[in-house]
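Each structure below is given as structure tokens.
Look at the two complexes coming up: subunit A is in both, with subunit B in one and subunit C in the other.
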Partner chain A sequence: MAMGQSVPVRDAEARVRGTLPYLSDLRLPGMLVAKIVRSPFPHARIRRLDPRPAMGIPGVVAVLTAEDFDRPGAPRLVYGVDRKDQPVVARDRVRYVGEPVAAIAAETPEAAEEAARVIEIEYEEQPAVFDPIEAAQPGAPLVHEDCPNNIFLHTRLRHGDLEAEFATADLIVEETYTTPPASHAALEPHGVIAWWEDGHLTLWSTTQAPFVVQETLAEIFGLPPESVRVIVPPLGGGYGGKGYVRLEPLAAALAWKVHGRPVRLILDRFEEFVTLTRHAVCIRIRTGVRRDGTLTARQVEVYWGAGAYADITPRLLRSAGLVRVVGPYRIPAVHVDAYGVYTHLPPAGPFRGTMSFEGAWAYESHMDTIAHQLGMDPLELRRKNILRPGDRFCTGEVIEEAFFLECLEAAARCLGWGQPYEKGKGILRRGRGLAVMMKSTLPRSRSECRLILRADGRLELHTGTVEMGQGAHTALAQIAAAETGLPLERIEVIGPDTARVPYDATTSASRSTSMMGAAVQKAAFRLKEEIRQRAAPLLEANPDEIIVRAGRVELQSRPEIWISWEEILRRHGLETLEAHSVFETHGGLNPETGQGIASPHWHQGAGACEIEVDIETGKIRILHYCAAAYAGRVVNPALAELQNQGNVVFGLGQAMMEQIVFDHGQPTNANLSDYPIPSLRDLPNELISLLLESPEGNIHGLGEMTLPPVAPAIANALFDAIGVRIRDLPITPEKVWRALHGDEADIRAPGQRPCPSDRGCP
Partner chain B sequence: MKQTFELRVNGRVHRIEAAPDRRLLEVLREDLGLGSVREGCGIGMCGACTVLLGGRPVSSCLLLVSQVHHQEIVTVEGLEENGALHPVQRAFIEHFAFQCAYCTPGFVLSAVAMLEREPDPDEQVLLEYLSGNLCRCGSYLNILKAVRAAAQGRRLHSS
Partner chain C sequence: MVIRETFDVEAPLEQVWAVLQDVPRLATCVPGVERVEEIGSDQYRGQLAIRIGPLSARFEGSVRITRREPPTGLEAEIEGQDGVSGSWVKGVFRGSLEPTGKGTRMACEVNLTLRGRLAQFGGPVFEATARRMIAEFARRLQEAMEEPS
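Moving on, here comes the complex of A and B:
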């Protein structure tokens, strides 16, 4: 049985040998290297751009600028998966530090760098705005002239009579929470190799969404999609940062200019920080509650600072940006207003735990503030209001699979919640906190799979799911093995390669094991049906008298009469036998009301922790952390566990360490020394992973569920320990120390104040 | 101006024609085709480009080829014996000690270097040797398990 077994990942040996071929290991004959010339200003007009000095450098093959676009036979300059607002390279204006202005293809990195240095560009600096709240005010500098107030989208969720329900409350609590931009910091940088041959484009890319890249490039170049082939090697981490379309248009346009030779573009670490970030977010949350702890109303206003280009933010705001900021609670009236705001910062996009991270930071910290004001135990307050099976969420949909309480209680029990513990003394004080979250996955998305049985008895699994370390290819192969009965060793995973494998929306939102897994199950069923039909004449029986077993087919009445799958193919003269399947989710929300179906199923996770804080330095040490996720049916327990641990480690960085600090739009810590990510020394003393399994349940993706609770659980423990409430991430020692000493001085960098809590959102 | 340097890499002597300021990382990766040596941060913080220099783990992005003339360098490619994985590599597989594995060769080499000097590492020693390598996927607990298991296996083997 392949399901439920902890089998090692498929290419484990290559991974420890260091021979797994990442994009940077690919070598093509005649390959050129690319270098991007980037804007040094957050907002400026380009007065003059002269590429000629760069062309004069020996070894330079092509220089790409905006002049190369929008002419007959040339690519389109402006693209976007939702709003078409982003130029491949800047034309008249740059809108963030690091925006590509030109690109160079050369024989050597040295020549490309020299060319980038000598290219002549004159800028005229313009006023800029970095804070999404300031950007949304009348009179703020405009990022795009056609977008007044810099608000490119406002979505709403309306559920119940808000004012009437606030009127029934005994207490109304209002707070403002913020989260800063952060870097995905995959150790493998973004990379693309682009190659044009005879009007056809082949791209090798570190993308999490090969079919979106294909579609976007086909549009930019005015080609049918089949003229664009996207191949994705294994990724050295993604975390959302490689989602959708990133460098591909630029690399493809540069290769188009070169024509005939492949061009390779790999980012350096600084460029990683200005390519895609987490949103700069301000959330105002206001909740009405009765004295007994019953929530009556909640109003949430969220400003999603999206940077200079909308990218995927509009799509996120139509669902995730509304439903991921409310919390898994029964509340009679809920209003959410979500604003997508342009600023002069690098574009923001998907980020492991997207929008649930920001949402849970606000609503779970807020729940503890309410509990404190009511004098109630935080677990008790949550227990009283949490969504249970059959409850209606604020979107109007009924939540059938609700295990929020089970997750929360599992985490709390694991920590010993409610039992006495050493509260610390002297300068070291201890406290406990917990948090729970609910996260939607993608409604209206599609995964397809093709299974090909070969005459040699091996099974090819063709999938567009990207393997980026999460173990998706291993899990999918296990599902195929379980459904067909074939041994795991006989299953080969092929893809992603848009020329070979069928469509898949994207590898994101923890959807792959669940959705592609369902597609694999469906294709396996069809393949077995096909085998049954083909076997019938050979066994001289009706198809319904035949049983399909692992690798063989037998007569129901006389099992000793059987034929192997290979033999069936051979006798029919077939090289292969194929089955194709499509798995789709439906639903979606009305963006004016937020009513509808937000998610085919819900991701559910909780965390509980005990911390020790040094009141002389503000330094927090996590003593125990319990992370509980609703896992449903587990495909590979060891990999599931690993995802769950990874969530907490990743979440610790987001909670306590990570923030890209911009000074008037200039990133000041765009390297892994000034922007530290968690190392072994930052782990909790004890980290316990709890997976709530349900063997009859659905398969769930586990790469995010327990991440969003990490930050609020720590903040709540800090409040419990020393009575200090931090509302702006990350929870650094300095912030704790200043809060403890009543030092109200704003310690955030200029331009890093998305929503000062003393002022509140407008 | 290119010069000739001699490096002993994974037991074999290589003569390299390179500018003296060419980084060891590029020499190993580009000139010698050792793909396990990977750039993550470029400033010696992440450990993805770790190699053993005379048995000591170092970041090859911080060394110039002229600094390692005539020295002994080991990469993960040099750990196998007759095609068999090193016990540390086997332990990494057994304990699921990686996800994307971009960082894995660096971790394996740091662990190998540690075990050469500290056959019975306590938690402090583990932290000292392994906290210079970063794993963004967050596989740290399993990495610790793998390295502890490799240490134990080695002690059993040698006793």
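Moving on, here comes the complex of A and C:
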């Protein structure tokens, strides 16, 4: 049985040895290099753009500007997965520092670089706005003229009688929490190789969503989807930053202009920082609670600063942006207002733990503030209100698979919650904190899979799931091995390549092992049925008298009479035997009421930690961290544990270090020396991964579950240690120090505080 | 970004103030200034060569003195562009003088926005460069005090 075994990741050794070919290792005959000319201003009119000097540089093959679009036979300039608001290259106006204004294809990087320098562009700077709260005020500079107040979407969740339930509360607590833009910082940058020839477009791209790219490009170029082929090599990390459509339209348009030669575009680190960021978010949360700790009402207002283009944010706001900010609690009345806001910053989009990270930061820090004001143990307050099996969530859904309490208690137990511990003395003080989170996965999406049995006995697994180092292909192969009984070595994973493999929505939202895994199971079942049908005449029996076993088929009554799968194919004169399957999830929420089905199942995770804080420097060291996730049926225990640990490490960076600092829209730390990400030295002294398994349960994703609790667990431990409440991420030593020294007096006062619009972009 | 630096000059306040009024002379104290010309009342054009990390740039730009509070306060607007590196700089300079026992203390505050390729090096690199330039400016200003005007 391959299922439940810790087999190594298939390409692990090649990745570690550096022999795995990434996109940047691909070399095609005649390949050109591309370079993007980007806006230095956050908001400006383009008064004049003259590409001619660039054409004079030897080695330059093509220069792409907005003038090339929207003509007969030419691609469309403006695209968008949801709102069509983003130009491939800017026309007339730029809306963020780093926005593409022109692109060059040249024989050498040097020629492209030189051409980028000599293009003449005159800008006229315009007033800009960077903070989502300021942007949503009347009179703020408009990012898009057709979008008043810069609010492109307002979604609502309405559950229960809010005012009546607030009236039954003994205490009402209101707070504001913020999270800043951050960079996905995948080690491998975004890259595309695009090749346009005779109305056919072929792309190699570092995308997490090849079929979305295919669909979008087909629309931009007015092509049938089958004329666009998207191939995805193994990725060096994605974290949501390579989701949906990123560089592909620009690279494809440049290749279209070049015609007949492949064009390679690979971003540098600065460009990574301005291609996609985490949202700049401000969450106002207000909760009514009775003296005994029973929550009565919760109101959440959340501003999702999306940057200059809406990208995927509208789709997220219709579900994730509502339900991921409430928390896994039974609350009689819940209202959520979620706003998608344009600003003059780079576009924001999915980011590992999307919207759950921001939500949990607010609601789990808030829970501790409530517990503190009630004089209650934080675990006890949560235990009293947490969703249990059969409870109704604020979307109207009944939550059947609820293990929130089990996760929380497992983490708390592992830390020794409630037991006495050394509180520290002198300048080193210790504290403990915990947090739990609830995350939806995509309510309406589809994964397809094709299994092809070959005459030589190999099984090909054709899938659109992207391997980005998370081990998805290994896990899928294990599922296929378990379902067919074939040895793992005989299973080959093929894809993603839109010309070869069937549809998959995206590799994100921790959905692949669960959804594509289910598709693999279904396809394996069908393949075995197909084998049974084909075997029947050969064994001179009815199909229902036959048992399909691993690699062979036997008569139920006389097991000594059997035939191998290879033999079945050979005797039928078949090269291959195929089975195709579709696995879909349904649901969705009413965007006016937030009622409906938010998620086919719920991601559940918790964390508990003990920290030590140096009150002279504000520096926090994490002594113990226990991360618990509900894992359902585990496919690969070693990989599951790595995902769980990776979540905590990733979460630590988000909690304590990472923030893109903008100075009037200009990122000032857009490199990996000024923008710190966690290193081995930043890890907890002890990091324990706890996976709550349920061997009879479904296969769950694990890529995000224990990430969102990290930041609030640390903040709660900090409050426990020194009585300082940080509400604006990241929790840097400077912020802790300033709070301790009363530099920002309000930071310690639990309660209401306006969104920090006076302090620039959150 | 805002850069604040303070340094001492061994000269009486009035003498320091006088040098600050003589822009062509003052310009010789700013490291990297290659040319300066008056283009109007309290308005100057010039060229400044600068090296940040592995990149060098030559900014063409202007300085406009917007406020004077003799003999202690001065404010100027700075704007410049470097075609080679594709960078823009825009900012406000505020200088103030106060007498000390030994001479004059000058406090500088530069509120700068840098855009384009040079900005990619990040605030810390740029700030370090600016601080080095201010230290060099202080050294040359001291020398200027010791020369006969």
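In this text, the second predicted complex is superposed on the first by the 746 of 762 C-alpha atoms of A that agree within 3 Å, B and C clash if a C-alpha of one lies under 4 Å from a C-alpha of the other, contacts with A are read in each partner's own complex, and residues count from 1 in each chain.
Heads up, the rule we're going with is that contacts are C-beta pairs under 8 Å (C-beta built on N, C-alpha and C of every residue); 3 or more make two chains touch, one makes a residue touch a chain.
Source: prediction; values computed, not measured.
**Student:** Subunit A superposed: clash or fit between subunit B and subunit C?
**Tutor:** Fit.
**Student:** Is A:13 contacted by the first partner subunit B, the second partner subunit C, both or neither?
**Tutor:** Once the two structures are laid over each other on A, A:13 reaches subunit B alone.
**Student:** Report for A:681: first if it touches subunit B alone, second if subunit C alone, otherwise both or neither.
**Tutor:** first
**Student:** Looking at the overlay, does A:97 come into contact with subunit B only (first), subunit C only (second), both, or neither?
**Tutor:** A:97 sits against subunit C, while subunit B stays out of touch.
**Student:** Tell me which partner A:663 touches in the superposition: subunit B (first), subunit C (second), both or neither.
**Tutor:** A:663 contacts subunit C only, not subunit B.
**Student:** Have a look at where A:642 lands relative to subunit B and subunit C in the superposition and call it first, second, both or neither.
**Tutor:** Only subunit B is touched by A:642; subunit C is not.
**Student:** Which touches a greater number of subunit A residues, subunit B or subunit C?
**Tutor:** Counting residues of subunit A touched by each partner, the higher count goes to B.
**Student:** So, A:591: does it touch subunit B (first), subunit C (second), both, or neither?
**Tutor:** In the superposed model, A:591 contacts neither subunit B nor subunit C.
**Student:** After lining up the shared chain so the two structures overlap, which partner does A:673 touch, if you call subunit B first and subunit C second: first, second, both or neither?
**Tutor:** So A:673 meets both subunit B and subunit C here.
**Student:** Looking at A:359, would you say it contacts subunit B, subunit C, both, or neither? Reply first, second, both or neither.
**Tutor:** neither
**Student:** I'd like to know which partner A:469 touches here: subunit B for first, subunit C for second, both or neither.
**Tutor:** In the superposition, A:469 touches subunit B alone.
**Student:** Between subunit B and subunit C, what opening angle does the Cα centre of subunit A see in the overlaid model, nearest 10 degrees?
**Tutor:** 70
**Student:** Please state the minimum Cα-Cα separation between subunit B and subunit C in the superposed model, rounded to the nearest whole Å.
**Tutor:** Scanning every C-alpha pair, the shortest subunit B to subunit C distance is 10 Å.
**Student:** Just which bits of subunit A does subunit B share with subunit C as contact spots?
**Tutor:** Subunit A residues touching both partners: 671, 673.
**Student:** Flag every residue of subunit A that touches subunit B in the complex, lowest number first.
**Tutor:** Listed in rising order, the residues of subunit A that touch subunit B are 6, 8-9, 12-13, 15-22, 24-25, 185-189, 234-237, 239, 268-269, 468-471, 638-639, 641-642, 645-650, 671-673, 677-681, 683, 687.
**Student:** Tell me, which parts of subunit B touch subunit A in their complex?
**Tutor:** 34-43, 45-46, 48, 75-77, 80, 85, 89-90, 92-94, 96, 98-105, 108, 126-127, 130-144
**Student:** State the interface residues of subunit A toward subunit C in the complex, per the touch definition above.
**Tutor:** Spelled out, the residues of subunit A in touch with subunit C are 40-41, 97, 116-117, 270, 661, 663-664, 666-671, 673-674.
**Student:** If we count contacts the way the header does, which residues on subunit C are in touch with subunit A in the complex?
**Tutor:** Contact set of subunit C toward subunit A: 1, 83-84, 86-88, 113-116, 119-126.
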